[in-house]
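Heads up, the next two complexes both have chain A, just with different partners, chain B and then chain C.
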Partner chain A sequence: MTRRQYWTGIIATVLALVIFVVPFVFIAFTAVKDKAQASHLDFTWPLQFLFWQNLVDVVSTRNYMLLLAYFNSSIITVGAVAMLILFGAMVGYVLQRRQSRWNKVIFGCVLAGLIIPPAVVPTIWVMQGLGLFKTIWGMVFIQVAYGLAFSVLLYRSFIATIPRDLDEAARIDGARPLQIFLRVILPLLKPVTVTLIVVQSIAIFNDFTNPLYYLPGKENVTVQLTLFNFQSQFSTQFNLLFMNILLVTIPPLIVFIFFNRQIVAGMTAGAVKG
Partner chain B sequence: MAEVVLKGIRKSFGAVDVIKGIDLTIRDGEFCVFVGPSGCGKSTLLRIIAGLETATGGTLHIDGREVSKAEPSERGITMVFQSYALYPHLTVRQNIGFGLSLAKVPKDEIARIVTATAATLQLEKLLDRKPKELSGGQRQRVAIGRSIVRNPKVFLFDEPLSNLDASLRSQMRIEITELHAKLATTMIYVTHDQVEAMTMADKIVVLNGGTIEQVGSPMELYNAPATPFVAGFIGSPKMNLYEGKLAQEMGCQTYGIRPEHVLLGAEGRWQGRVKHVEHLGADAIVHLDVEGLGSLVARTTGDTGLRPGGDVWASPQPGKEFRY
Partner chain C sequence: MQRSPYPYWFVLPAAVVFVTLFLVPTVASLWFSLTRWDLYTASFIGLDNFRQFFSEQNLTLGLGNTVIYAVLTSATKTVCGLLLAVLLTSGIWGQSFLRTVVFFPVLVSTIGVGITFTVLMHPTKGLFNVGLAAIGLHGPGWLTDASLALYSVALVDLWKGVGLATLIYIAGLAAISPDYYEAARIDGATRVQQFWRVTVPLVQPATVTVITLSLIGGLRSFDLIWAMTKGGPGFSSDVLASVIYKQYQAGFYGLSTAGNVILFALIATIILPLTWWFNRKEVDL
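And then the complex of A and B:
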């Protein structure tokens, strides 16, 4: 390592620290302060460490609304990501492997799903007609609809790198089409699947606007919407707000740490050579 | 144990006719090789027999049963692919047992069959490896093992040796021939390499442009090629073939003489000048420039004293000339 590389390394680390860690430390500090000190919103050492008290306050606010929000958000995230992966892979597989004159039309629809911006009011109108408005499952379907085009494209291009011989070998071995998909193709899609799990689950868990539009109602609250609990027009309890932010940030962080190595492995592994 | 009968098999991709009417019977237990230049439709024909492509016309019988419309897995066939097509995410053990596990064979039964098969193919030590940790020859054996456990009536091979290096190729050639001797199953083998065809086949089917040029045993094709195409394709080095005025002088459309049937000496029919000599050890291949004939290739003994630039007389061995 040359001297120059050494110093650029140091500078990069410091920059990363400032950009990523400082805000996090700010949140953590504010989250343990008392109400008065937190209201200054400055980067100072906390006078009192009220971690446990603030935590209990945040969790128990409005009849334990945060726990309900965790529950709702988890259901939406798990349900939507599972459907995105299964349907994305299935559609991508059929679209890549089976040539028909419908392919162009279907592919056009997928692209349209990626390009055309969603319109809120007509969507609500459709959901009301289907009886899905203000339901958790309605929210799941919305997230699937918004994310499906992207995952279909991702899967389709990856499946193009899997040799067709594998499908044919499995067919000769006696596998039916669904078995070929589940036992040969799907396991080989793991790099894409892991990437999608991380990207989509974090995006859906952290989604603020879509639940705001499509999922009104106190019993339907999701984690991001609990941030409203401590904000009002005239006063904001910054210590509790930041404690809430801290708590909401933790699940995506866990997902990321858990899958981090596989993401990197997946991105470098590329196609299936063998 | 099965006879394979093709009747009037045709296949077109869109407007392109790739297989133009094939009638062929492959007898029970025969080792049949489809050989022909690249793009002549060998793979397509094999895939029709496998059921991976549906024929545009004609019928296919395997073991007396009409299977033209049957699923590949119901035809009693198995196929070894050029790329081996091993499942990359499964171990060797799982690769070999995949078909059995699909057929819901009990686990201990699968384990028993896989172990026995691995033993015959010398794969015991590799059972827990993934395909990417194997060499080309080992992958080849796993692919064959996966085929054997299905207990097929007909083995299909699509250029299985073309990804191997030369020495491994000749070794695998022997292994596959021995496998055929042991199993006595009908085998259909596709290759573009006439050496593989000559050394392995009971019966060679020479394909050209989607039609059969000739069917016969290796020596039949060597001794009595039915068409100039077969004459030029079978045998190495290639037969000397002449058309046009020269052939007409000899009373035919196409005149052919194999390099090994050209005698070189101090006198003969054609006078030529040595262009190039390839020494193979026991043999030497001599390339001549003959006036009025063009180039002529002759095979002679390795201790030939011929040098490039020297003059020599060449003449065909009587009774070994081909006229079409």
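And then the complex of A and C:
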């Protein structure tokens, strides 16, 4: 390492600490302050560390609403990601293996799914007709519909690297199409599957707009909606508001620590090939 | 005839969900945008909703703001992302730590970021203005000044999103063969020349991805603006997505849907020519 690289690194680190780390330290500090000190909104060392008390206060607000929110968000995330994996892999598999004019139609749908903003009110109208509006399952299907395009693209390009000979061999051994897919192909897709699980769960867990539209109602709260609603509830209790932000920030932080590599793979997919 | 080992019914589960919850509403929106609608009965009123969108001042303002916001965030993310990526692949001290720190905001809840920065941008008590006062400057009302609010939100969007652009550029830079740089050095190119003549042209696929992704995201963006200003003060930081939500809340479903159609048309008129232009340029290379 040259002197120049060393000093540039030091300066960049100091700048990054100020620009990118200070806001997070601010969240952590404010979250453990008492009510009076937090209301100053300043960036100071906490006089008291009320971590546990603030945590209990936030969780028990409005009859333990935050716990219900975590429960709902978890169900939506797990349900939607499971379907995105299975359905996305099935489409990607057929799309890559079979050449026909239907492929153009499917590709058109994938592009549409990536570009077109969802038509909100007509979607509510359809969901009401099907009895899916304001239901957790309705929300799961919405996340599947909006996330499919990305899943299909990622799986299709990965399946191209799996030799067809494997499908052939399984077929000669007498396996039926579904067996070939579930027993031979799906296990080989594990790297992409892990990437997709990580990237999609973070996106769905952090989603605010879609639950706001499609999942109104007190019993249907999700984590992001609770945080948004607490903004007015805690307008004089900034310590509790920031404790809530801290709680919402921790799950992605944990995922990030364990799955850094997969996240990078998912986010940069397609960046190089264009 | 032998049956294919890749049956089309594999597409069925995905197709059912996608068609009912995405394609049908999208097609239906074209009809409902031409109606006065309360979710149960729709009465045809021609292009009145669109006329209203382009004549009412707060609605046209939202349209203009959408373009400003998208172009501004996309341009700054592209430039900052490329510069950061070059810096973070140059072998400086603390490189992997810096990559982590720059990227982490991408994964954090937008609402959480929005609330945090609303507090940090508080006109008198916020860290922004307290910091500026410490060096003798009088900070503006970041979110309370109507002429500034949209740009303040865009700044936070840059803070949150630049990590993704950087990450994509780092992947793009890794794909450039070191031979090009060596050849340039032998020919006596300076660092600046290497950047403009080697890095910028060869990293183009990553640039296309960054610009396209951030433009689409910027045109559709809603949650950060909603968490920070709710389109205010007044209507000064309203964008199409927040107008759509406000009209929906007010019960003007036809008007809200017309907003959706306009947003779709706007995205298509910006993204499609851009993609076509990028593809043509790629052939030239």
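Just so we're on the same page, the second predicted complex is superposed on the first by the 240 of 274 C-alpha atoms of A that agree within 3 Å, B and C clash if a C-alpha of one lies under 4 Å from a C-alpha of the other, contacts with A are read in each partner's own complex, and residues count from 1 in each chain.
In the analysis below, contacts are C-beta pairs under 8 Å (C-beta built on N, C-alpha and C of every residue); 3 or more make two chains touch, one makes a residue touch a chain.
Note that the structure is predicted; figures quoted are calculated from it, not measured.
J.: Given the alignment on chain A, is it a clash or a fit between chain B and chain C?
T.: They fit: once the shared chain is superposed, the two partners occupy separate space.
J.: Regarding the shared-chain residue A:128, is it in contact with chain B (first), chain C (second), both, or neither?
T.: The second partner, chain C, only.
J.: Look at A:27 in the shared chain and tell me whether it touches chain B only, chain C only, both, or neither; answer first, second, both or neither.
T.: second
J.: Once chain A of both complexes is superposed, is A:19 in touch with chain B (first), chain C (second), both, or neither?
T.: So A:19 only meets chain C here.
J.: In the overlaid three-chain picture, which partner chain does A:56 touch, first (chain B) or second (chain C), both, or neither?
T.: neither
J.: One more residue to check, A:142. First (chain B), second (chain C), both or neither?
T.: A:142 sits against chain C, while chain B stays out of touch.
J.: Which partner, once the models are overlaid, touches more of chain A's residues, chain C or chain B?
T.: C
J.: On the A-aligned overlay, A:171 touches which partner chain: chain B = first, chain C = second, or both, or neither?
T.: both
J.: Just chain B (first), just chain C (second), both, or neither: which does A:90 touch?
T.: So A:90 only meets chain C here.
J.: After the superposition, just quote the angle formed at chain A by chain B and chain C, using C-alpha centres and rounding to the nearest 10°.
T.: Angle at the centre of chain A: 100 degrees.
J.: Answer with first, second, both or neither: which of chain B and chain C does A:238 touch in the superposed model?
T.: second
J.: Please work out how little space separates the C-alpha atoms of chain B and chain C at their nearest point after superposition, in whole Å.
T.: Across the overlay, chain B reaches chain C at a minimum of 7 Å between C-alpha atoms.
J.: Of the residues on chain A, which ones does chain B touch that chain C also touches?
T.: Touching chain B in the first complex and chain C in the second, residues 171, 272-274 of chain A appear in both lists.
J.: If we count contacts the way the header does, which residues on chain C are in touch with chain A in the complex?
T.: 4-8, 10-11, 13-15, 17-18, 20-26, 28-29, 32, 37, 39, 87, 90-95, 97-98, 100-102, 104-113, 115-117, 119-120, 122, 125-127, 130, 159, 164, 167-168, 170-172, 175, 205-206, 208-209, 216, 219-220, 222-223, 226-227, 241, 244-245, 248, 253, 256-257, 260-261, 263-264, 267-268, 271, 282
J.: Help me check something: in the complex, which residues belonging to chain A touch chain B?
T.: Residues 163, 165-166, 168-175, 179, 183-184, 187-188, 190, 272-274 of chain A touch chain B in their complex.
J.: Help me check something: in the complex, which residues belonging to chain B touch chain A?
T.: Per the touch definition, chain B meets chain A at residues 50, 52, 71-73, 77-79, 81, 83, 85-89, 98-99, 102-103, 130-132, 146, 150.
J.: Spell out the residues on chain A that touch chain C in their complex, using ranges where they run on.
T.: 1, 5-10, 12-13, 16-17, 19-23, 26-27, 30, 40-43, 83, 86-88, 90-91, 93-95, 97-98, 102, 106, 109, 112-128, 130, 141-142, 144-146, 148, 152, 167, 171, 177, 180-181, 202, 206, 208-209, 212-213, 223-224, 227-228, 231, 238, 241-242, 245, 248-249, 252-253, 255-256, 260, 263-264, 267-268, 270-274
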